[in-house]
Structure formats: structure tokens, C-alpha cells
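Each of the next two complexes has subunit A plus one other chain: subunit B in the first, subunit C in the second.
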Partner chain A sequence: MKVEKISRSPIAELKRHVDVIQEAFKQALIPDRITIEYPRERRKYPDNLRGFIVLDKSKCISCFRCAQICPANAIQMGFYDNFYPSVDYTKCIFCHFCVESCPTGALSGSNLHDMAFKSLEDMKVKTTQMMRLPTIIREDKQTVEYFVTKREWRLVRRKELEDLSVLRIIPKIKPKRAFCEEPESCLGCRQCMEVCPHDAIVMERCEVTLEGEVVGKGCILKVTEKCVGCGLCVRQCPMKILTLKEVE
Partner chain B sequence: MINEIIATLIEIFSSNSMQIPLIQPLVDYLMEIPLLNILVALILWRPFFAVVIMPGLIVLMLYLLYIVWFERKLTARIQWRVGPLEVARPIRGAIQALADGLRYFFQEAIVHRDAHRPYFVQLPILAFIPILLPIAFIPAGNAVGIKTPYAIQLIVAFLALIPITIIAIGWASNNRFAFVGSVREALMYVAYEIPFIIAVISMIYLYGSGDPYVAVEKQSLLPGAILNPIAFLVFLITMLMATSRLPFEIPEADQEIAFGPFVEYSGMLFGLVMVLAYEKLYIMALLFVILFLGGWNGIYCDLLGDLNAPLWLFIKTIVVISILAIVRSMYARYRIDQTLRYSFSWLIAFSIVALVVGVVAGWIV
Partner chain C sequence: MQEWQFVVPEKKHKKKFFGNLKTEVIDAKLCCHCAACAAICPVYGITAGDKPIDFPNWVKDCVDCGACIKVCPRWEYKPLNGIGNYVEAISAKSRRFRGQDGAMVSEITATALEMGLVEKAIFVSRDEDWRTKVITIREPSQLYDRKVTGTKYCYADSIPALKEAILSSKAVAFVGTPCMVSAVRKMQKSFKKFERVKLVIGLFCTENFYHHQLSEFLLKHKGVDLMKATKTDIKKGKFIVRFIDGSRISFPVKELEEIIPSGCKVCQDFSAIESDVSVGSVGSESGFSTVLVRTEIAKAIVDKIKEKGTAEIKEPDLGAVQKLCDYKIKIHPYPPKKKEEKGEKG
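This part shows the complex of A and B:
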């Protein structure tokens, strides 16, 4: 957009002065206030806004993908009966990469957006705290919503109150499975086998006898039905020949 | 002996006391109580009433509490914000200024190492001499501190002294922001003082006297704003410049030089220097009302008696200041060179035209 040259004629200047005085008196009498009186007014957030992260322990397979993908380094894996994530909300940037990367849907978002902590230590939310849904204390008297267009920006206030129950937003999980793209490039290092938490990767024995006879089916990776598609083997493979593929 | 002195004092006070029919029974009752009667007589003594109560110090304090809150609230409304609210929520944060004042009072006033210590501490208090002395000369009907035919000239002379204290405050602070602020204050002083004095002189020519009583009497039909609209305009603009309000908030520019000459002050000393501009605005608005808006002319209520004049003067002053407060949120700040150019070209030209209008109108009237 190009800025137009402003007319400096006295009539135009006077008109601008009148405009500003008119606008100021209009706003002084009937203000279009756009700030939110926070505890007394609750802003209506869009449905897809990312919020507090909840953990379903029964689904977690301790694949560490959430901890590895976190760009802010906010997730730490703590050991209970297995490794489970805990989120440090002093660092968390609410990108929800962890939720999206979770292969089993153990982590999920919720519609809780305004969290309050009593101290800095409390912001390091433990796994046990992530497993239960928190509750919201109602302080708001009305609901407000921003109405933004290109020309206009105003705040709409409504008397009806929002439902404050915290819900899990269940992520849609497409089952995936590890798949070997080039079996002929396999080194047979068996790192994938070692890293797999479910013993889903089976390496068949392969030997070449002195007579030049091949015993066994060869160094072929076999992904069994146990695979949950956590992708640890994909990350571990030194030849980068493994990929995750969606299955029906 | 003491009884005679008290009796003499009461006689002096009663001979020149405010006649307010509304509270006359109460006054009569209190005058019979010993020791209390001398206090009541003192309060109702006209010079004391004018200087200390109305339009003097107590009303000035109430005005300060009101205007700080009102200006912040009005600016907030125009800028789509809420403004001060959480102190006394049922009355929309109206005692915010009082809370701030209390906080200043109990805060430590730090005098930094580079400051000129005696001047740094003294000057905020010394600055009150030229600001508060004009109150003694501003009359409100019968209530007047010192009655003199040169009251308007004296008020202007005292107002001209205020920037000197502010420049000295900036010098004593020994800080680069304070230094820039004092230089700007000095430049602004030159810029507004000449048109301001010429505008006042034009009104003195128009009324033929520097006596506020004559000025108010001559405005009984038409207010001075209609008799000499150009002087009205020049006075209004120079009032904004003199009290460093926003289009001309150049010496104290918050965003550039962080409150200018007052940057180093804290605690009670900051509270004192912060209200300097507001108090100057009050004095100038009183002068403005006397010169241009008919002073204490208004609907006379028999029940209030002598209180009518101070009340009307006060109401007009508050209305003028409240309207001026809105200017803060309308305009952006001018640069120092723009202000100097406008004032040395347009404002001085307008003020000379106003002088001519004043002389001609004074000759006709």
C-alpha cells in the first residue's frame, strides 16, 4: 500500500482538527473499550487454541518422542514404573509438538488456557499432576469476544457464561508402522532392535557357510504386529533406511 | 489580658466575615462556645477564607486529587483502556491520586551522589512560592486575600517566575535527561511567555484596568472570550504550553527524556514536583476564567450569600480544566523546533492582532 500525500491546505487541516475533537468527545462519552477486565470478564477463545497438556498414562509407551521434539526443552522424562513426561510451564511455548508427535495419543490438549501457579517451582508440573484434569474456579460475570475485521476492531460483551468444565481434546491418531525402504542397504547393526521398546523388530539369523551356501533368510528386518509406530528405530537407524508409514 | 486579645481578634475577624445565610444558625451557635469561636471567626474571615479555603489551598488540594484521577481516566477512555480502577472499585478508582500521594509520602526520597544536594532538596519547596503566592491576589467576589488594582499583573509576574525554579531543578539534578529537559523548558519559556503576556495586556487594555473586579464587572453582559476571541485563543494555547500539557509536553516528554528536569526525584520530592504543572494550570485557569469567562458572574443564590462568587469561580475553573484535560489524548507531541516556529510566527502575530483588537475594543467600550 502506498501512503498518499497529505493535503496541507488550511481547510483540510481544520477538518482534521474537527475530526479529532469529534472522535475524542465521542470516545469520552461512549468508549469502545477493548481491554478485558480479566477475572471479571472471560475471553471466549477459539476452539482450536492450544492449552494445558494432559497425559493418559495407560497409553504412554515411553518412546521419548515428546521430550526429543520439544523445541523449548520443556519436557523431562521422569521414572516411575516406566518413563513418563512432565512439562515445565516456565519453558513451555504451547506449540503442542509433543501432542502431535505422540504416536499413541497419550498426550492430549485441553481447553484450559489460563493457568495459575503459586510459585515458580509449581510451574514444573509433575506427571501425576498431568494425569488428572484441573478445575476452573468461576470468577467471571460476562463473556467477551473480539470481533476483528479489516476495518474494525471491537469487543463484543455477552451476559451468558461459558461452560467451564475442562475437557480433553482427543487427538486423531493414524496408526503407523515402521517400514524398511531399502533392505539391501541394511548394515545389520541391530541398533533398531535394541532401541525398540516393544521388541517388535526381529532379525532373522543369516550365515554364509564355507561352501558358499546361505543359511537362513538373510539380514532382513521383520517388523511384527507389536509395532506401535513410535519411530525410535527410524531415528536410530544409521543408514536412514527406515520410515514410518500409515496403515489402515 | 488574654481575654481582651481574643475579644479583639474576634472583633477583627467578625468585622470582615463571610455572610452565608445557609450556615448562619450553626455559626451563631458555635460563636457562643469559647475557644471554638475564635477558630470559626478565623475561618469565616474573608482574607483567610479566600487564601486558605476557597479558591485557596484546601480547594487546590481537592482539585489536585480530582484532576490527576480525571485526566488518567479520561485519557484511558479515549485510548480504549480502563484507567485507574482497583483502588476503591465502587467509585471507579477515584481515590487513586490519594493512594499515590500516600505512597510518595512513605517512600524514600533518594538524593543521588552527583546532585547539588541543598538545591536538589530545596528547589521543589522553593518552587511553591511563585505558584502559591498568586492565590493571595486572586479575588472571588468579596473573598479576597490582598486587594490591589494590579492583581492581574502581579499574577502574571509570579507565573513568569515558575520556569526559573524548574530550570534550576534540572540544573541541580546534574543528569543528562534533566539537562535536556531544562534547556527545553528554557526554550519553551521564551516561546510562550511573550504571546501570553501580550494576550493578558490586550485584555487589560480592553478592561482599562488590571483590577479583577473591573474586569469581571465589564464582562457582566458579554464574556471576554467574545469581546476578544483572538486573545482567548492565544491565552488557551499558551496555557497548554506553559503547563507542559500534551501537544506541547516538550520539557517533560516521558517517552524521550523520562520526565525531563524531574527525572532524578523520588518519594515525596517527586510528589511535590509532579503537581507543579497541575498547580500552575489551576492558577492560570483561574486567571483565564477571570479574564475571559466572566469570573464569578453567575446565577445568584440568596441562601449561599458570599459563597456564591468563590463557588462560581471554582465551578468554571474546574470545567475549563476538565475540557483542557481532553487535549492530552487528542494530539501528538510537537517537536521543539516546530513549537518555536509556530510560537514565534503565528502566536506572536495573533497576540499582536489581539492587542490591536483589545485597544480598539477598550476605546469603544
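This part shows the complex of A and C:
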């Protein structure tokens, strides 16, 4: 394509003006732009959208799993009466790995995706802010939905507003407990005992017997009822003989 | 509620277990540098590498579990000697691989991998400077690398790599010196997970060296640089170094006496008695390896090699192997004669 010098003759100028006015009328009557005029228009999101993360403090067992699994390193554990997570939304990629890895269901997702913050500092959402859902201020007058086919890409605008009640998606969690798969490989290093935040693994000294005969002095490790299934011991075990097992 | 029990070994001194190990094995100059303790240590505090085994700051960091003592082949040391039990002895040369002599370690490993008996094997490779480097073999094709095959007369941390390997796979092969083989057997006895080590290939061994001491010795006394070497060998009491340009030097192993680590000086196990299969050059003609098959799994592999014809097979001269076994007992007496501090050992 060649760049040509625009003709400045009055007839050409007039023709261009007519073109522009025609386009303006066309857009006013049947608009075909595909950008969304946010916040006056709001896109309709899928139902299972991963959004704002909510914390139920009473369920949190401070196992640090969410902080360890976070691929964006957005979760920090802060100390209140115990360690609780806080999410830095400047980093969060809304993958909800933290929600899925949470062993007790203390973290849950919501369908709230449009978040506005006044400053970068505010985007570091504190634990106390995570415990309640944020207030919703709506300015949208239209809902927009994309329709994408092979041939066209168009928007459908509807006057009706989408219902924006924020749903907490409560994950289904079965209680789990630490379990030793292969006690014969236990080093006896007691690392599991030391890492356990709930003192659920206890040790007692005993005499070790093999087929009724005392073979030496040893210890018994016990996983007690206190175990909440955080999996810290599973991660710590140097022989990787511990797992989490569902309990009925 | 679930419970399980484990034995805690008895202490000989009123210290933490690593303190016991240090007094009884390391300071008593019995340590063979197999690095089994470094592998098993749950807090990864024990350090190996090209220096004596140590645990910096053990008084504070040792968790006193006793795992290191359970796996140490030199704790309550009873030296093994002789040629040991074997079901078959052959002298063979691989048709596929090129190695130290007959490349039978590579051949056996490759066959085990092909048969699906093991998923991976822990081998020792080297860098340009002949420093040992532990690598994992997953494909027989990796064994064509001449850096992987061939003997390195330096310590390598194979057992720590072996432990990582058994955590991630169900069947592992291992190649090591007799002391490492003993350590692996001791680990298998104490901890069930090590039963995943399916194949243990032992190497004929008289002594091993620290890399820095060996390279320094060669540079200082012989004026040669290991960097330019392509092969090191011990044959008929001579240490031989071959170079890229085809030249070679050889001198009696006796000259290396001053740098032989103390742990090797009490070892009498020449033929890796506790291994599944022992391989070495002694007892075979040049270019062939002697293979002592000791267990069922090794027998199956050697039968497969014979069936496929991937190796040339000859009759070995076991008299030579026996002679070296006896020689090792003679040069490495236990308890050592001159050291009076060993008197207290029971």
C-alpha cells in the first residue's frame, strides 16, 4: 500500500465529511464495536468464575499450605492469635490453588471478580478484610455477552442487570488424618512430631519386640485424634512414608 | 489412632548419636566414606563430598535419631573377606559398550533396564577435572558416554543420590565399592524402603582416594595433570594414567600409600561379597571383566546377556581373584597393628 497525499480539494473534503457522518449515524443506530464500556457496561462472566478469596478464620489450622502452593507467591502468613493468610492482589493470578489445597475448607472462592482498589497498598488485602465479602457498588446499566463463532464475533447488549449476589463456593472437604504407610522404614527422627502444630503425633519409649522377643529399646510414634490433617508431617518426613488418609 | 514402633540403637558414649559415630568411626579412622550417613540423616546435616564425613555444629543440630549408626557399615565393624558365595563366574566383554575393561557394569545395567527389572540406575560420571559426579541412568543409550563408564578412583556421593532415587521410583540399580554395597545392605536391613534397590553391582576394590589428594599427588610427584587424562587404571600393582595424546605414565600403587584414606586401610572386602553381582578386571585377560554372579536377579540378567549374545564370554581365572582377596587381608589388617587406641574396641 502506498501512502498518498490527501487531496485537499473541496469536493474530496465534503465526501469525507459525509462518510464520517454516515458512520456516526450507523453506530448510533446499530453499534458493532466489541469493546465494553466498563463500568457502564458489565460483561457476563461464567458461573464458575474464580474470584475474590474468602477466609473462614475458625476453620483455618495454620498449615501454611496455601502460602506454599501459591505459584505467584501472593499469600503471606501473618500472625494474629495464630498464623492466617493474607492475599496480595497485585500478584494473585486467581488460580485458586490455595482454595483447592486447603485441607479444611477455610479458604473458599467467590464469583466476585471486579475489584477496585484505591492504591497499590490497598491491594494487599489483610486477613481481617478476607473474612468478609467486600461491599458492592454498581454502576453498570447493561450486561454484555460475547458470541464467538467461526465467522463472526459480536456482542449482545441487554438492558437487564445481572444478579450480583456474591456466592461463596464452599468446597467439599472430607476430613483427613496423617497415616504411616510403611512403619518399617521409619527412621525414628521424630521430625513429624516436631513439625506438628497441634502436638497430634506423640512419642513414647518402649521395648521393641519382634515375634514375642524383646529386640531392643525403642519408641512408639502415635498419630492421635488431635490430628487435623494439615499434612505438614507428610511434607517433612525424610523417608516420605506418611500420607493423608480420609477418615469416615 | 495409628501407632508404630522403631528401635533406637544403643549408645556407647553419653553423647548424641552423631557424637557416637564420630568417636567410634570417624575419629577412630574407620570411616570408609560411603556417605550412607549423609544420605539417611533426616536433617541433612552430615556432609560428604571430597572431604572427610562431618556434621558441622552437630552438638546443636543433630536430632539424635540414630539413623546414621543404623546404616554405618563400620559401626561395630566386622571385616568381610574372601571371594564370597557365588553361583556363577564368567569373564566377559561387552559388544555394545566401551568401559574400563570389558564394560560389563554398563552391559549388566543396560540389560536390567531393557528387561524392566529396574527403572533407573545410579552411576558415577566425572567432569573434565576427574571430579566425580553422580548421575541417574534411565536409558541404556546414556551409557555410551565415555565419561560415565570407566573407573574413577575418587569418592562419590552415590548413596545420597540413591536415597533420592528410591523415594521417587520403585526399582533402582546401584553401582558401588564394597563398602557402599555393605552400607546399602545395612540400609535394607533397617529400613524397608531400601528394598527398592533391586540390583547392587559391586566393584572389585583395594582402595579409593580423595580427589584433591590424588590430583595433587599426581601433579606434585609425577608432574601430570589429571585434566588431560582420558583413563586411569590400576593393573598388576601399577597405577596407570593415559592421556589424550596417547602417552601414559605408570608407577607402583605403593607410592600412593601416603594418600590412602585411613578407612580403606582396615577394609578387607575386595570382591564386594554382599553384592548381587561383582565386577572387576582381576582374573580376566586384557579387555575382559570378571563377573561373579551371586544372586537370582543377577543370574537372570547374565542369562539374558548370554541369550542375546551382547557379550563375549570366557572362562575366568578365579585363582587371581582369590590371590588378591588374600593380599588385601594382608595389607589391610584389622584391627590395625600399630594403632594402640583401637584396644578399647570390642
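Operating definition for what follows: the second predicted complex is superposed on the first by the 197 of 248 C-alpha atoms of A that agree within 3 Å, B and C clash if a C-alpha of one lies under 4 Å from a C-alpha of the other, contacts with A are read in each partner's own complex, and residues count from 1 in each chain.
Heads up, the rule we're going with is that a residue touches a chain if its C-beta (ideal position, glycine included) is under 8 Å from a C-beta of that chain, and two chains touch if they have at least 3 such contacts.
Quick caveat: nothing in here was measured; it's all calculated off a predicted structure.
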Inset, instruction - Quick one: classify A:R190 as touching subunit B (first), subunit C (second), both or neither. - result: second
Legend entry - Contact breadth on subunit A, by residue count: subunit C or subunit B: C
Inset, instruction - Answer with first, second, both or neither: which of subunit B and subunit C does A:I6 touch in the superposed model? - result: neither
Inset, instruction - For A:P238, decide between first (touching subunit B), second (touching subunit C), both and neither. - result: second
Inset, instruction - Check whether A:A116 is in contact with subunit B, with subunit C, with both or with neither, and answer first, second, both or neither. - result: neither
Inset, instruction - Tell me which partner A:I137 touches in the superposition: subunit B (first), subunit C (second), both or neither. - result: neither
Inset, instruction - Go through the superposed model and pick first if A:P31 touches only subunit B, second if only subunit C, both, or neither. - result: first
Legend entry - Shared subunit A surface residues [contacts with subunit B and with subunit C]: none
Legend entry - Interface residues, subunit C side, partner subunit A - complex: 1-10, 40, 42-44, 63, 65-67, 167, 191-194
Legend entry - Touch list for subunit A against partner subunit B, complex: 20-21, 24-25, 27-28, 31-35, 37
Legend entry - Touch list for subunit B against partner subunit A, complex: 74, 77-78, 80-82, 85, 326, 329-331
Inset, instruction - Using the touch definition up top, name the residues of subunit A that touch subunit C in the complex. - result: 179-180, 182-191, 194, 206, 208, 215-225, 238-241
